[in-house]
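Quick one: the structure is below, questions incoming.
Every chain is named by a letter (A, B, C and D) in the order it is written, and numbering of its residues begins at 1.
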Amino acid sequence: MNLKNDWWKILLGLFLTGVIVAAFLYAPRAKALGETTRILFFHVPCAWVATLAFLISATYSILYLRKNEVRYDAWAYSSAHIGLIFTILATVSGAIWAKEIWNAYWNWDPRQTSIFILLLIYAAYFALRSAVEDEQSRARLAAVYSIIAFVTVPFLMFIVPRIYESLHPDPLINAQGKIKMDVKMRQVFFASLFGFTVMFLWMLRLKVQILLMERKLESQIVTER
Amino acid sequence: MWNLVDKSIVVFRKDFQLEFRTRYALNAIAMFALTTLAVISFSIGPIQLDTNILAPLLWVILFFSAMSGLSHIFVREEEQQTADTLRLVLPPNAIWLGKWLFNVILLFGLEIIIVPVYFAMMNTQVENLSIFFPSLILGSLGLASVSTIIAAIISIASSRGALFAVLAFPIALPILFSAINSTRLSMEGAPFMDSWSDLQVLLSFTIIIITTSLLVFEFVWKR
Amino acid sequence: MVVEAKGLTKHFNRRTIFSDISFHLEDGESLVITGPNGSGKSTLVKIISGLLTPTSGTIEFYNDGKLLPAEVKYHQLGLVSPYLQLYKDLTAWENLTFFARTRDSKVDESRLKMLLKRVGLGGREHDELKTYSSGMIQRIKYVAALYHQPRILILDEPTANLDEKGAKIVYEIIKEQTSRHILIIATNEPDEVKFGMKHVELG
Amino acid sequence: MRKLMTLAAIAADTTLTQMSQSMPEKKAGENIYIVLAVTVLIFGGVFFYLLYLDKKVNRLKKKVESREE
């Protein structure tokens, strides 16, 4: 580690440690929910990052189609890759929490359904990439798929909650009334959201660097032959 | 614009001639649909199913039948190495539109056979036809649109068969959700307005998929 | 009509097929592309005819000094090549009318019949292509490529699968094309190389 | 950025609402170990992925340098 360049990594580490501590000690528990509220501080940012990654991937896909430059594909691919990891983390952590509170790991709650669809889309994206041999075609087709999926998602956001309410009239989800977040909870929540976003951007940069370096190395090897 | 429609009809006509001669796609999807239907009907026996199950079942059959045959339209060009020929003589959007039209007709053709058989075998009937027909037509249009663009994407990939369903499923979900819901309403005899929002979703989603496809198809088709 | 290629380069994954190919052709000129197998002759032909996009570089067609937009490029282009397949389940006539319709909704049947006779295939046009020999299919490809009187004719291995008689017909077509318009041939046959006024050597 | 913030707030709000509404009569959600497990899972996942990326970058950097020499 080089202190001159890496100071912000250390800062980020300290910041996130602070968030964890605050989540357990500083933030109050929501009345009805007990200790498990604290999952919110980590689970929601994961889902947020997964969505953000998906957005970034689609944006770079459009850029790739317009500019036809390899680095845009590297960004789109990396973002989807990290997005998939966060989607899995959000799904698993959500399921554990659901087991605790609903007594079932999975029950097609609208939010679970949404993240499951996101998971499906990511999985399809990588399945497509691995099935196309030529690099340019691969990048192009993946970009197109990403854009089509991106167009679909808003529809799902609109339909899923409606359909699942009407198909499964579940009083647990349907009841009216809202809880406003406590000020302290809000502070910790947004701090965590910020920390996760920075961490995501850092990972994204690393991943892109790796991809581009690998490319460069491979083309060096090919030309030497 | 007119030129585009003319040319897409040229593509459609050629594909129709080809299909008429080989009957590959029609055979594949009709046999698939009938087999599935027979299996389902056989396994439930005399039990009368609830509309909550009947509606999804119909769309599951239609979806997987579409998955078994609608990719053929692009895969055939790739397999017989005629894709380059097509690429040389026609603009991409005319090709997409022509193939889309073919898939729409193919799916409608399948439904004319399969839907009456379905209702006969399941011993049930539609209470409100003014919901049923719009949902069936709009749902098929949507399904054909999604299938056509995804078929174009997978036509140069390896392991196409499995990939087609994997890629199409998340994209087709809004269609399935809405079409299943409105079909269920039509079976329960609900008033037309109840299905209004579902039909709206089906229509707008189909339009958006067609528009997006026309915007991006050029990149799929390019080598 | 002018064909202008500048710095054409093609990579497949990291492999370079060829790089920095430029040429300039005007009406009445011909270009021959030679090179050993695998040197990218077909790839270059595909790029010229717009079937493949180059990794870098441009290929542009000008008509009376004006750039032809991509949508109408193929109106001026005729291509005969081994990888340009026809629809085997359709008859020769159905294939040819399909290609004719892609250009204009009206099919000039008398021209099609004249061309069929010219390549020596009159009378068999209503048989399905799968009953044809490869030499006969090659002749049908010439009919399809010449139907709209292309100002740029591109031939990849022009006499592949053809007997002596067929080759003679092709040479006549070549001579006719070079007398007025642009011709591009990709070949290694010494007999055909001599048709080229300009020369691109690959590999 | 403001938009994003409100968006996130809405997301959090709805999740909270759901959490509270989904409360059954019985006393659930008091298990601190579940919370700990989830925290460890998330941070563990992220941390190991970062470590993996970092290692890969360093390895590649060395490779590139050795090639250039």
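One rule holds for everything that comes next: a residue touches a chain if its C-beta (ideal position, glycine included) is under 8 Å from a C-beta of that chain, and two chains touch if they have at least 3 such contacts.
No experiment lies behind these values; they were computed from the predicted model shown.
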Chain nearest the global centroid, as defined over all protein CA atoms shown: B
Chain pair showing more contacts of the two, A-D and B-C: A-D
Chain centre separation in whole Å, for subunit D relative to subunit B (CA means): 39
Where subunit A and subunit D are represented by their mean Cα positions, the distance between them in whole Å: 9
CA centroid of subunit B to CA centroid of subunit C, Å: 37
Inter-chain centre distance, subunit A versus subunit C - centres from mean C-alpha coordinates, in Å: 50
Multi-partner residues of subunit A (each touching 2 or more other chains): 134
Pairs of chains in contact (touch as defined earlier), listed by label: A-B, A-C, A-D, B-C
Residues on subunit A engaged by subunit B in the complex (per definition of touch): 65, 117, 120-121, 123-124, 127-128, 131-134, 137, 140-141, 143-145, 147-149, 151-152, 155-156, 158-160, 162-163, 166-167
In the complex, subunit B residues that touch subunit C: 6-7, 10, 13-14, 17-18, 21-22, 80-82, 84-85, 87-91, 222-223
Touch list for subunit B against partner subunit A, complex: 52, 149-150, 153-154, 156-160, 163, 166-167, 169-171, 173-174, 177-178, 181, 197, 201, 205, 208-209, 212-213, 216, 219-220, 222-223
Subunit D to subunit A touching residues, read off their complex: 5, 8-9, 11-24, 27-32, 34-35, 37-39, 41-43, 45-46, 49-50, 53-54, 56-57, 60-61, 63-64, 67
Footprint of subunit B on subunit C - complex, ascending: 46, 49-53, 71, 74, 77, 79, 83-90, 94, 98-99, 101-103, 105, 128
